[in-house]
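Notes for the one structure printed next.
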């Protein structure tokens, strides 16, 4: 299993957002998560990526515990273990969070070069290939503020996809793009499958999700209902 | 005519984004604009709302010139005239731009109270009604950073809709919400029609747009192609 | 060099003299950046005779006792007035110079005595010992024009006003007066016989430092053999 | 005229000292300030308390007293420094405190999403600061930083208290020596010129940072 | 002990003066600073140039000289001020310049979308600043603002030059009168206490602003 959640719970202001969530994702599996707006989908992805603490339960990524229930406490991964986890998981944010002081290309190659010690030229080549497939190669040297909404979304996708981690999470990856680009994104995701990379997708776009997912998880009231 | 564009042109970095755009919108008309990601749809809405200058052409809103071609110059509305224009047009931003230091309710009632001198209580009542219809009344006193993507989008919609200007522009109003909320938004927009308020919608969601629009404008390469 | 030399003891044969290098003519930097002055020349001669290497360390005058007691310098030699309070903290040599509060007038002035100053405009430097000395004599003060001293930011300002004829006399340290007169032209000024009291300059050492006695002896010898006077005449109008 | 040339020549040592103290202090306290700002916003309570106590001491007492304490006070407990060392310790400790707070303001006004994106991509803390946070921080605080840097120029004159001959002290020496006020005018013009150059530099750097929003 | 009580009594006038000058300067120069910052980022070139020249003059010369110029210099051209008036003019003009730059940093680091949303909703410039921009600006720059406010506390002692008896001057008087350094200790503790109260206040205000991100 690349991802294992067990009894994960999370509250904000005393309100349960995630309630006893447990599920598993295998290598190369594509799983879609559905739920109403405000159901807790983004929160779930943020927890899996260690951006939010959880109140209860355990999350295991690629064999390492990110969170581990120990009595009434939840232990958090630290040091080398955390570093390893960070490198086995990726996330495309719902609101992109592109680095505003870097160009499109720099946004994409920053992590490959600095975290994975990829050769710069190779990184640029890979980035350009992705940009081309996402039809924004001509924006290579633009800054985020100069991009349209859909262009930003594509840069965010390219930034996460260049890393090929063990599991990659997409939060509403097609909310701002047209049908043609949507197809490219679907293709890229399908390729992950063949590379044995697991994919977790949160989306309101049922058509898109259904067409590529192996499995669907529905969340309501903080619980998995199906 | 509530909105008249004539030969509007706009470039960034020497690249034509809008090229000779002309169209008109009548009172109570709902017009959808389609185009690929990066086609210039948001730029068009931003020009109509006076957030971007234009290089050529004229834009007339509710009888007042916002931009007026005069020889080789484009004159911009100022003072009282600009103020009047601002009050006859509204915009829901693609990236919401909620005021981060105000709660949901405060975001919505700020303009009605301060610009339109609406009674505070009345404003609150109207805001709550809208929030209820958009299913986020329980988030009334939350700050934007505490909201999910779709919740933010709904606040942005409510903030623009409470004003009932002459024309209201929506930039991707359903990109982050579920089908149920989408239906509420469609209803609200349909009501504008009956109040003789014109609506301009930019969206990749063909189903949504088609179901409510009177007319469709397609943009490609900066030009209206149909 | 700006570094600290190690503090001298009798073997090391290096001695650090602390001085305020803004204090012309006793010790100050010349245009070339060398520390020169009357006290500097005296100190150089004294320590040449005693066989020490001497190093001059500029200090802030307000911090002089702190400098001495934290061993940053070995002695203070810079127009250092001997007072009862200071004797508590440092050991002084016998006075080597008397500094009086003198009255400077223009050469052609008809003022010859203190009494002649009645009804005249008299100037001094603000917050100086000259001001203090004059204001102690309340009777005298009340007889001056406007019943007060004309106070200026610097002695230089006061002497300029004298030259311009806007004041009739300036009360000032004799040491400074003689230096400035030399600088501005000896033909223009005159120093009256009478004065407003005097103070004595000595060299200050850490309590119990035996170097003090050696310096005292060397100074005595220099006075006897005329070296002292030669140095004095180099710096001051006679 | 000739006098002014000589004067400038005789004061160039002091000008050099002023510039020297300025730059050494600036470089070290900016670097330390960045580090302290990072520590200050960390979530280890005890460290936060220590840093904010340090900042209170540094801002709560005058720099002049801090120099005196380090140069004249510490020898009493056996810790002795050279003049320049003492000055640099005092200046750097003091300015680090002020810079820390400016940098903290700059870092805290950066969108949290930038930190999160860096984390998710696996960048180390150091890398996030180097590539993302610090460049954005500097853009945010340049005008406020200029205030403090300009104050530093004027504060360098406090070194007089340990007898170091900066430009102001050399001016004083020349005033007493030559019996004219001209040297002070030269000093004033030196400061104004120096600050003008700095302001201009800041303006240019600000413009350099305008490439993104 | 009795001596300290008497000392405090004799110095309370000076303490009041220090606090008085501090607050008047603070209030006016913050208000003026906000206005000047708004002007400074406007897009009318001539105004921008004038404001940045004003800021250069104020930061490029020492506050002490500015006080001297206004109190002793201006009368030469027939403009005469009372002591306190002159001091307030100098302090407010000087600190307005420094605050302007801090506020400008704060305003410029606010997301452009906030300005655009205010515009589109029809808010006037004044309303946008009042409800949106200024609250966010203050959140952004509080730590940097504290630096400048604390510097102001210590700068108030410069009023000695026109003969106003602030706490430091009264301390000096007592030192000379009673031949003891104790009064200076009292002064130092007064400053440190004052600055402590201010730091604490800033910390509280910062926490108050934490309600949103």
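Going by the order they are written in, the chains are A, B, C, D and E; count residues from 1 in each one.
FYI, contacts are C-beta pairs under 8 Å (C-beta built on N, C-alpha and C of every residue); 3 or more make two chains touch, one makes a residue touch a chain.
Quantities reported herein were computed from a predicted structural model and do not represent experimental measurements.
Trainee: Go through the assembly and pull out the chains touching chain C as well as chain E.
Mentor: Under the touch definition, chain C and chain E have D as mutual neighbours.
Trainee: From the centre of chain D, which other chain's Cα mean sits the farthest off?
Mentor: It is B.
Trainee: Give me the rotation angle that lays the C-alpha atoms of chain D onto its copy chain E, rounded to the nearest 5 degrees.
Mentor: 180
Trainee: Taking the mean of the C-alpha atoms as each chain's centre, how many Å separate chain A from chain C?
Mentor: Centre separation, chain A to chain C: 81 Å.
Trainee: Nearest whole angstrom, what separates the Cα centre of chain B from the Cα centre of chain C?
Mentor: Chain centres of chain B and chain C, defined by C-alpha means, are spaced 83 Å apart.
Trainee: CA centre of chain B versus CA centre of chain E: separation in Å?
Mentor: Spacing between the chain centres: roughly 43 Å.
Trainee: Roughly how far is chain A from chain E, going centre to centre by Cα mean, in whole Å?
Mentor: One centre to the other, that is 49 Å.
Trainee: Two-or-more-chain contact residues of chain B, please, as numbers and ranges.
Mentor: Chain B, residues with two or more chain partners: 95.
Trainee: Two or more other chains touching the same residue: where does that happen in chain D?
Mentor: Only 111, 139, 213 qualify.
Trainee: On chain C, where are the residues touching two or more other chains?
Mentor: Residues: none.
Trainee: Where do chains touch, given as pairs?
Mentor: Per the contact definition above, the touching pairs are A-B, A-D, B-E, C-D, D-E.
Trainee: Residue numbers of chain E touching chain D in their complex, please.
Mentor: Answer in residue numbers: 52, 56, 59-62, 65, 98, 101-102, 104-106, 108-109, 111-112, 139-144, 146-148, 150-151, 154, 188, 191-192, 195-196, 199, 203, 213.
Trainee: Write out the stretch or stretches of chain A touching chain B in their complex.
Mentor: 12-13, 35-38, 41-43, 94-95, 136, 146-151, 154, 171-172, 175-181, 204
Trainee: Across the complex, what residues on chain C touch chain D?
Mentor: 2-4, 18, 21-24, 28-33, 57-60, 62-63, 66-67, 70-72, 154, 156, 159, 180, 183-184
Trainee: Using the touch rule from the top, collect the residues of chain B that touch chain E in their complex.
Mentor: So the residues of chain B in touch with chain E come to 49-51, 83, 86-87, 89-91, 93, 95, 97-102, 110-111, 114-115, 143-145, 159, 163.
Trainee: Quick check on the complex: what are the chain D residues that touch chain A?
Mentor: So the residues of chain D in touch with chain A come to 111, 113-114, 116-124, 127, 131-132, 135-136, 139, 211-213.
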